[in-house]
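Two complexes follow with chain A in common, the first pairing it with chain B and the second with chain C.
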Partner chain A sequence: MLGLGIESTAHTFSCAVIEKKGTRSKILSDVRSIYQPPDGQGIHPREASRHHVKNAAIVLSECLQKAKVKVNDLDIISYAAGPGLGPCLRVGAVVARSLAFYYNIPIYPVNHAVGHIELGKMLTGAKKPLLLLVSGGHTMLLVFSLGKWRVFGETLDITIGQLLDQFGRFAGFASPCGKRIEELASKSCNYIALPYVVNGNDVSFSGLLSAAKLEISKGLEDVCFSLQETAFAMIGEATERALAFTREKELLVVGGVASNKRLAEILTSVCKRQDCKFFVCPGYYAGDCGSQISLTGLLESSVKNGVKIEDTFVKQSWRVDSVEIAY
Partner chain B sequence: MSLAVKVQVALNNITPKKANAIKKALEPDNIDFPTNLSLRIENVDNSLVFYFQNKGNLQKLISTVDEVLEHVQVALKVID
Partner chain C sequence: MKKTLIKKGAEADIYLTNWNNEKAIYKKREPKEYRNLILDIKLRKHRTIREAGIMHDVKLFGIHAPLVYFVDTKKTSILMQYIEGNLVKDLPDRKLVKICKEIGRIVGRMHKSGVMHGDLTTSNFIIQKDIIFLIDFGLSSRTRKIEDHAIDLRLFKEVLNSAHTAIMEQGWTNFLQGYKSIVGVARKNQVFSYVSIIEQRGRYATVV
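This part shows the complex of A and B:
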């Protein structure tokens, strides 16, 4: 079975084709175009959607060429229906609906966060993990139970990706800022005390962001180091508590921030203490991509029919714990 | 006094199949419009016609026409 997945929730417009044979899935192509805001600025939803409009047909065409398939060969089309930025989501939905209706192909709206999870599971081989989703849109600890991913802990305010991006933009970096912060942090080991807020299984980053901005004059490398150490230690603590409580024997990290090596180091030591296997989504697929959407659509198609075009939707705030998983 | 404006945009010489695909692709998002702004899409002969109606804030109308036309453009590009 061949599935096309379309991702457009924020800065990335991506199309991917996955072939699914029984329980095995293979990524045939995954092409992306990423909106790049000016240095020091964040994603402007309309500007990002204009980028998607401009690049959608190019990305789609390259994706099909790389996979060596034609639109008519596709068995299903899935698109990221949320959560995300409204104008960006609508571009992906319009592309998916146009193709689905014109070529008479079943269509599946997919939850973007579930996409991260399913792709991470497929690529790492994790079976029943405690899930840590760390990205620009999410900071969540999730456990699968009774047909849904249940939230075990999450951020009470901004996400880890927002923390890194907002700090980075304040420092004048180009968005997304995680890589630059990681690079600067690796050059220091001088810790500046910053607010550390873990409330039960939840974390809070807004005070940390304000304090880090105030400390910037003490040296960028030291502040980047201290920001990462504090934020990742908070995530590590919440994760370790969740592992101890749930007694899950696997931890899987997905989302754009999953590619941060310092976070992986901290979580590796957490897993060692909790006698737990550690899985991290491979860097290229950790961030937003069409593969996550394509795979989730294919999984859904194994248990249900496509949605009528008139019933397709976009939902800017579509929480992962509201999605029924039947496959 | 608030300004009442009607804008009509017609895509002419378009095949019924393409017109229908665009209409179907755009209509599901035609919800939760701001008060006093509306959009209706109709197939008329060999044309696809968009009827916008607005009362008051013109910027909302301009932004909506802009986004709808972008969606038409992207839909046409991907099905071609």
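This part shows the complex of A and C:
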């Protein structure tokens, strides 16, 4: 089966084609165009959606060409229906609807977070993992139980991605700022005390963000280092608590921040202590991409039919723990 | 001191040992290699002191908790009473649902006395015949703030939802009933409505 996936929840517009044969899936193409805000600024939803509109056709045709398929060959089309920025989501949905309607192809709205999870599972081979989703939109620990991903712990305010980006923008970096912060952090080992907040399995980053901003005059490298050390240690501890409680034997990390080396190092150490296998989504597919959406749509198509065009939707707030998973 | 490792917890290693011919638990917060050294020492020391202090205090409010025998702030370890029994987490669903009410009462009593637990999971309650012991006060603190108490409740709800999904609804109702019977309707309602506020702060919880 051939599935096209369209991702447009935030700064990335991406199309991907995946071929699924039985339980095996293969990514035939995955093309992206990423909206780049000016340095020191965040994603402006309207500007990002304009970027998506401008690039949608280019990305789509390149994606089909690379996969060597025609629209007519596609068995299903899926799009990320949420959570995300409204104007951006609508672009992906419009592209998906147009194709589905004109070519009469079944259409599937997909939850973006489930997309991260499913692609991570496929690429790493993790079977029944405790899941850590770390990105600009999410910071969550999830376990699968009775047909849904259940939240075991999460951030009580901003996400780890927002923490890094908002701090980075304050320092004048270009978004997304994670890479730059990681680079600067690796040049220091001078720890400045910052607030560390873990409530059971939950974390809170807002106090840490304010404190880090206040310390910036003490040296950017030192603050970047201390910010990473504190935030990732918090995630490490929350994860370790969840592992100790659930006794899961696998940990899978997905989401944009999964590509951070220091975080991976910390989590590897956590897994060693808890005698657990560690899986991390490969860097290129950790960030938002069409493959996540395409794969999830294909999995859904194994248990249900596509939705009617008039029933397709976008939902800016669509919590992952509200999605029924039947496959 | 002879000791056998019985659990590698998230925060500390738990050993079974002997103290004055009694079975005892030796809880040691080992350095975490992944954590920055300064941060690591600070956290381990604070939590050891706080845990020992509050574990002692709650007994004055009529909550069953292990007796503290010895605290070592350098080694960040606590020697305490061994509690025989089963983790509430491992009980069959039918029993767990019932016990939620008593857990609610215990938590109510603790909150009423100005302590939050900070890690209110079902693996931190041990049932011994018909007595329930509360353990692991590493994240506890002395507070009477509604928000802090709500954090305790929310965590317990989250654990019911993710680890005991099948009995979540009834278990939670029972918990609240027990809680209310101690803190009173007004306070329960205040804390409970704060739980919803925290939940709505969750990512994508409110529909736009």
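As a working rule, the second predicted complex is superposed on the first by the 327 of 327 C-alpha atoms of A that agree within 3 Å, B and C clash if a C-alpha of one lies under 4 Å from a C-alpha of the other, contacts with A are read in each partner's own complex, and residues count from 1 in each chain.
We take it that a contact is a pair of C-beta atoms (placed from the backbone, for glycine too) under 8 Å apart; a residue touches a chain by one contact, two chains touch by 3 or more.
This structure is a prediction, so every number in the text was calculated from the model and none was measured.
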item	value
Contacts of A:Gln166 with chain B and chain C, given as first, second, both or neither	neither
Chain B versus chain C as contact partner of A:Asn199, first or second or both or neither	second
Contacts of A:Thr155 with chain B and chain C, given as first, second, both or neither	second
Partner contacting more residues of chain A (chain B vs chain C)	C
Touching partner for A:Ser135 - first (chain B), second (chain C), both, neither	neither
First (chain B), second (chain C), both or neither touched by A:Ser14	neither
Chain B versus chain C as contact partner of A:Ser175, first or second or both or neither	neither
Chain B and chain C contact sites that coincide on chain A, given as residue numbers	none
Chain A contact footprint on chain B (complex, rising order)	17-18, 20-22, 24-29, 63, 67, 70-71, 73-75, 77-79
In the complex, chain A residues that touch chain B	46, 49-50, 52-53, 56-57, 60, 87, 90-91, 93-95, 97-99, 101-103, 309-314
Chain A residues touching chain C - in the complex, by the definition given at the top	82-83, 86, 137-140, 143, 145-146, 150-157, 159, 191, 193, 196, 198-202, 226, 229-230, 233, 236-237, 240-246, 265-266, 269-270, 273-275, 315-319
Partner chain A, residues of chain C touching it in the complex	8-11, 32-39, 42-43, 89, 118-121, 123, 139, 151, 155, 158-159, 161-163, 165-166, 198, 201-208
